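Just below sit the structures, each encoded as structure tokens.
What follows is chain A paired twice: with chain B in the first complex and chain C in the second.
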Partner chain A sequence: MPSASPLPRRAAIVGANRIPFARSNGAYARASNQDMLTSALDGLVARFGLAGERLGEVVSGAVLKHSRDFNLTREAVLGSRLSAATPTYDLQQACGTSLQTTLQVANKIALGQIESGVASGVDTTSDAPIEVNDDLRRVLLAANRAKSTAGVLKALGGLRPGQIVPEIPANREPRTGMAMGEHAAQTAAAWGISRTAQDEITVASHRHLAEAYDRGFFDDLMTPYLGLTKDNNLRADSTLEGLAKLKPVFRPKGYPDSEATMTAANSTPLTDGAATVLLASDEWAAERNLPVLAHFVDAETAAVDYVHGDEGLLMAPTYAVPRLLERQGLTLQDFDFYEFHEAFASTILATFAAWEDPKFCKERLGLDGPLGTFDKSKLNVAGSSLATGHPFAATGARIVPTLAKLLAEKSAQEGSDTVRGLISICAAGGQGVVAILEA
Partner chain B sequence: MGTETLDASPTLGVLYGRALLTARSGGQTLPDRQLELAGVRIDASLVADYDHVCGFAVGGDVPPTYPHMLAFPLQMRLMTDREFPLPAPGMVHLRNVITQVRPPLVGEPLRVAVHAERLAAHPKGAQVDLVTAVTDGDGAEIWGSRSTYFVRGATAPDGDQPSAPPEPDPHVGRLPHAVWTVPGDIGRRYAAVSGDVNPIHVNGLAAKAFGMPGTIAHGMWTKARALAALAGRYGPAFTVDVVFKAPVRAPSTAWFHTAAADGGWDAKLVSPKGRDHLLLTLREA
Partner chain C sequence: MSNDWYSDFVNSGVGRSIAGTVGLPPVPRLRRYEPGQPLLSGAALLGTATADGRVAKVVRSLLTDVGVEVHDDPHAAIGGGSSTSKVAAGIVDATGLSSPSDLAEVQAFLTPVMRRIGPSGRILVIGDVPGEATSPAVRAARRSLEGLVRSAGKEARYGATVNLLHVADGAENDLESTLRFFLSSRSAFVDGQRLDVGTVPGFSGSSQGVDWDRPLAGRTAVVTGAARGIGATVAKTLRRDGATVICVDVPAAGDALARTANDVGGSALQLDITADHAPATLLDHAGRHGGLDIVVHNAGITRDKLLANQDRDRWNSVIDVNLNAQLAINDALLASDVFHRGGRIVTVSSMAGIAGNRGQTAYGASKAGVIGMVDATAPLLVEKDATINAVAPGFIETAMTAAMPVGTREAGRRLSSMTQGGLPVDVAETIAWFAQGASYAVNGQVLRVDGQNFLGA
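Now for the complex of A and B:
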């Protein structure tokens, strides 16, 4: 594989703002994606004095999106304190959305096409779009296409009472009919991931997030929203004993029920929230006396055939990381922090297990030997999705600034040495986005 | 074998009605003639309706199971004739083999010819094959199929029948690749696009009268949906061989397993308790 061509410059991560994440149908039940995104943007504008500024671009996206929100980001920017001359676009890559928006903005900055930009993502599972079912939709569209009154009436003659049952979006893969949790349960069973190991990851996530709040880590990364000042999924007092009492919620199809290990605690809950990251060239930041927390180095996106190819739905990062490491001439052990999106505790454990398995690494990843393991005390040290919750499209823009700030803190402590972090996010559709930041 | 050429496709509802009236009659041997319909043209809008029910992409190739829609009325016409040796009501589809040379095109003139062969005893009744050939304007056969139908309790004359090739033997893994939610009204939906209003698919009481546990999905719907699930994984020329085992109840849940095989794909549809519904092999030409 060729090594990376050096980019003209690296995009800087200046700072961020998000709103606390709220469990579904709770604190943010009345707020739309546009409401939450506008609020998160305005918090960012206030923090960095950007009122009236024309930024290079704002890129955002949502997984669950109303059809009327085709220009979601543009509408949010027009309602924010940013200059209305700031261009926008929407992007959607399931749970990888806002790491991918970060990558887009960072690349444009690196190429000199823009000097500054905001990458973000937002999702609500409370204010979700409800669609008319396919039968009713087809009847109504046929009526709409009809050119005469008689044609309209003929089309409407196809109406049936059963058609009024609406379609509510489900977290289900269209081609497999399985919920994401059911896919993850199959992967967990295939890799023999224990219930205890999953619960340990869960307890650590809550403990780390609580500690991060306690030391004020999020003070300059978050603004309150609708009465919340912290992610309300956080259970600082969660214990292994407590989690052990929960019943499994996802059953691995094709395995005995005894293999069901995934509970409501070691799986992320449905969540509402929005997150934003400010990226810029070093020059743009310096002109405004703004800090540079870290730089965006490189990223890789992978996809796997989970439909017929016998790979787990959420295993794409397992493939993306070795490709990224090879391009950058790094090993899995060369990082100071590892930020792995905890879609399910079992997902990241299956990824780690795969990297330690010589057969998998040789046959599936095409490596000479196992990718190996790494120091797990460097994993998700400020908590991750199991504790914060996971508004699908917002998670990348939560993780990027968390890692950037961790790197900035460590760099400040250690002086001149480069510190480095790895981000990994799995996504619906068998995709995954991974990235490297440095400070 | 003589050929009877029809002017228009028979209406299936009428044929089923006639079938119920003539169920007790029937000759001893298969009719020595084929039925054909010439100048048939596939209608894009009807294919779109079929695509919606079976899961194919609208506007792609005509689905490989779609020509069965053209052939089935001819098959029924042949099987509901007074002299046909087996009664059509309650007939169950056991196996369907399709060999496609190329996908038919929407609008091109096609000739569809159907005849019956291999009337044979079955451990629980009798079975017969209905063979279809679809030829294009140049007279080239572009699509052919063999459907084996079974009638419980019916009898067939003894005699040497050419034996059928071995049944497909798909090899798939233990884990399902997809979970199918079979809607309760799938029989009615498929009947609406196929014209196949066989009561075992659309009426619970009638289904029970024919020994079914309730309405069951059309076998050819399960085959179509399986091929739709493999969209993009096979080329235009192939043979796809399916046996229909335990009927798929509607509504129900079924597990779909697939595996890449040498020169094609293997697939199985099974119940969550492990009963085989459909065994499929697809081998590219």
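Now for the complex of A and C:
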């Protein structure tokens, strides 16, 4: 296999800002994507003294997006303290959005096309767009086309009460009609992931996040918003015994012998929030005496056929990681930190199980042997989505700086040796984005 | 301030006439500084009490340089007007007094000045440092000026201020930034106060080539507690005067902090100044700006409780934020090259630290402690050509004072020579002046910015 053709240079992760994540219909119920993104950008601008500066670009995106937000990022930048001469574009790749925006900005920096940029993502499930159903939409469009008042009335006269029911976006796969949780439940059953193992991941996520807050880890990664100073999904006192009492949801279809194991706690809740990462060339950072936490090394995106191909909806990272490792000449064990987005605790456990399975690794991944396991004490050590919550498009831009800072801390402790971290994010539509950072 | 309904009322047409009839105190609108404003809005009277006066010459040359009409005779007719027309300032050089009898010359000059001083006018008495005199008669005379000034401050009306400068022997030529501050509207709420210049030996610096509209140009400042209140205004004022500002506040105040930082085009540092790593983190962040010239210790808290009901945690939190954190940061500044030669430390004490306040034993202790810190640190900074000074605000209109009970709030405002609360900008202007490079001879000073509040005055 070919190894990576070296990029001209590596993009630096300078720092970040996010707003605390809020459970749906709570603290940010009245905030729009644009409000949250603007605020997160302004916090970043303040942290790095960028008021009035023109950056190479700002790239963001949201999964749940109003049609009027076609230029969401541009509108947020125009409302922010950045120079209005900072270009933007929107990108959307479900839960992979802001790892993908990070990759795009990092690549342009690596190629020398820009010197600095902000990668970000935002989502609200509280201020979600509501659409009219197709019947009503056709009637309204006909009324709009009518030339006379009588024509408008005639068109509207055809309306029936049932047609007025709005369509609220649901977390469902269009091609299977199944909720994401139902897909995940199937995968969990297929890999025999236990309830206890999932609850252990959950408790660890909350405990790690609480510890990170306690040691001030987020002091330079976060800015309060609308009265929230911490992710309000965090349950610092969560215990295995407590979680064991929760009633499971998502019975795995097609696995009559398997119990339901997924609960409201070991699945991520609907969440509102925004996150941003400042990337730059080393030169740009040095000119401003700004720190470099880590460098963006490489990334890989994979997709799986979860519709006909007998693969789990959220299993694409399982495929992306070995391809990335091979290109970089690394093994799964070569990392100091592992940041796996906890869409569901079962998702990451299924991924780990698959990597230990020789048959899966040979037949599906085309490897000679199993990818193996790794030291789980290095997994999500500052908490992850089960504790922080998961505003879909913002999660990548939460994880990148978390890992970058962990690497910077470790590298400062250990001196010159390279430290390395792996990021993995699964996404709706059977996709997955994974990346490597180094410090 | 629009939340000062009383002031709004007595300044409205009908309010003025009612207030006049029933004898309510008038609330003057104070002239405040705006960039480009002339040093004085009219002519100045400049008197000399003795033939040995050392500072009149310096004052005269400053005033004529900036185009102010100066008269020696306090009865002089001004610009075609009469011998009683208003003046913007009256300055008396009272250095060289040899006995209390010489004070009569000061009185002879100031009596007509008190009648002629215009709204927001400036009366400045300049004397020798009492402690430099060994003769009882000389020292008594010098010390008398303070009583004169504090009393005259209570008599002057319409926003006029009366202040006293003590000039150390040999510091006559190190007065420019101080004269400019006390004469300009930057000192709008400083009244009935005394300030010593040149009293910490070994100072050095210069006012050559200062751009007096942007006296902090090229300097980098840190302001703690910058998210809101006085600190936010200090950040804006330092910026207006040309400084790059690093804004510090606790992480929980980060959103307001980000607004301040972006407003001043500076940077935001979310930091609890009581954390062990705070001094190091502060210096590290300052490295981004190539070092530090100015540190403003403004962050402060109150945890009011009667001493009889006080507990250790409350007590310690006040002492930690208001005093220990500043001591730790100062130690780090003194030990580091990040804090540049010629640096300025300005700290915020309080009237409560001078006069005491019911319910504020912890706060009063911390703010008095700040004064002790200033006293002891001033000589240590001389070898870095640096200075440390404190402002002691009185009643300042902020969110904190707006939340007081009406009675306490009204008393806080009215029981002062200015019959009103000060604005955050009044504290900020004083800090900005201490922070100037040209204020190199002002060290170890505590200046009340309180409109001559009667509490402990």
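Quick note on the criterion: the second predicted complex is superposed on the first by the 420 of 439 C-alpha atoms of A that agree within 3 Å, B and C clash if a C-alpha of one lies under 4 Å from a C-alpha of the other, contacts with A are read in each partner's own complex, and residues count from 1 in each chain.
Everything that follows uses one rule, which is that a contact is a pair of C-beta atoms (placed from the backbone, for glycine too) under 8 Å apart; a residue touches a chain by one contact, two chains touch by 3 or more.
Small disclaimer: the values here were computed from a predicted structure and weren't measured.
When both complexes are overlaid on chain A, chain B and chain C end up sitting side by side without clashing. Within the superposed three-chain model, A:L156 lies out of touch with both chain B and chain C [touch as defined at top].
When the two structures are aligned on the shared chain, A:R175 is found in touch with chain B, with no touch to chain C. Of the two partner chains, neither chain B nor chain C is touched by A:L141. Once chain A of one complex is fitted onto chain A of the other, the partner contacts of A:G52 are limited to chain C, with no touch recorded for chain B.
In the superposition on chain A, contact of A:G254 is made with chain B only, not with chain C.
In the superposed pair of complexes, A:L111 makes contact with neither chain B nor chain C.
When the two complexes are overlaid on their common chain A, residue A:Q186 makes contact with chain B while staying clear of chain C.
For chain A, the partner with contacts to more residues, out of chain B and chain C, is C. Taking all C-alpha atoms of chain B against all those of chain C in the superposed arrangement, the shortest distance found is 46 Å.
Those residues of chain B whose C-beta lies close enough to touch chain A in the complex are 52, 173-181, 229-230, 233, 255, 258-260, 265, 272. Residues 134, 138, 175-178, 182, 186, 190, 253-255, 307-308, 310 of chain A are the ones touching chain B in the complex.
Interface residues of chain C, counted against chain A in their complex, comprise 247, 251-255, 257-259, 261-262, 265-272, 275, 287-290. Considering their complex, residues 39, 42-43, 45-49, 51-52, 81, 216, 218-220, 222-225, 229, 288-290 of chain A touch chain C.
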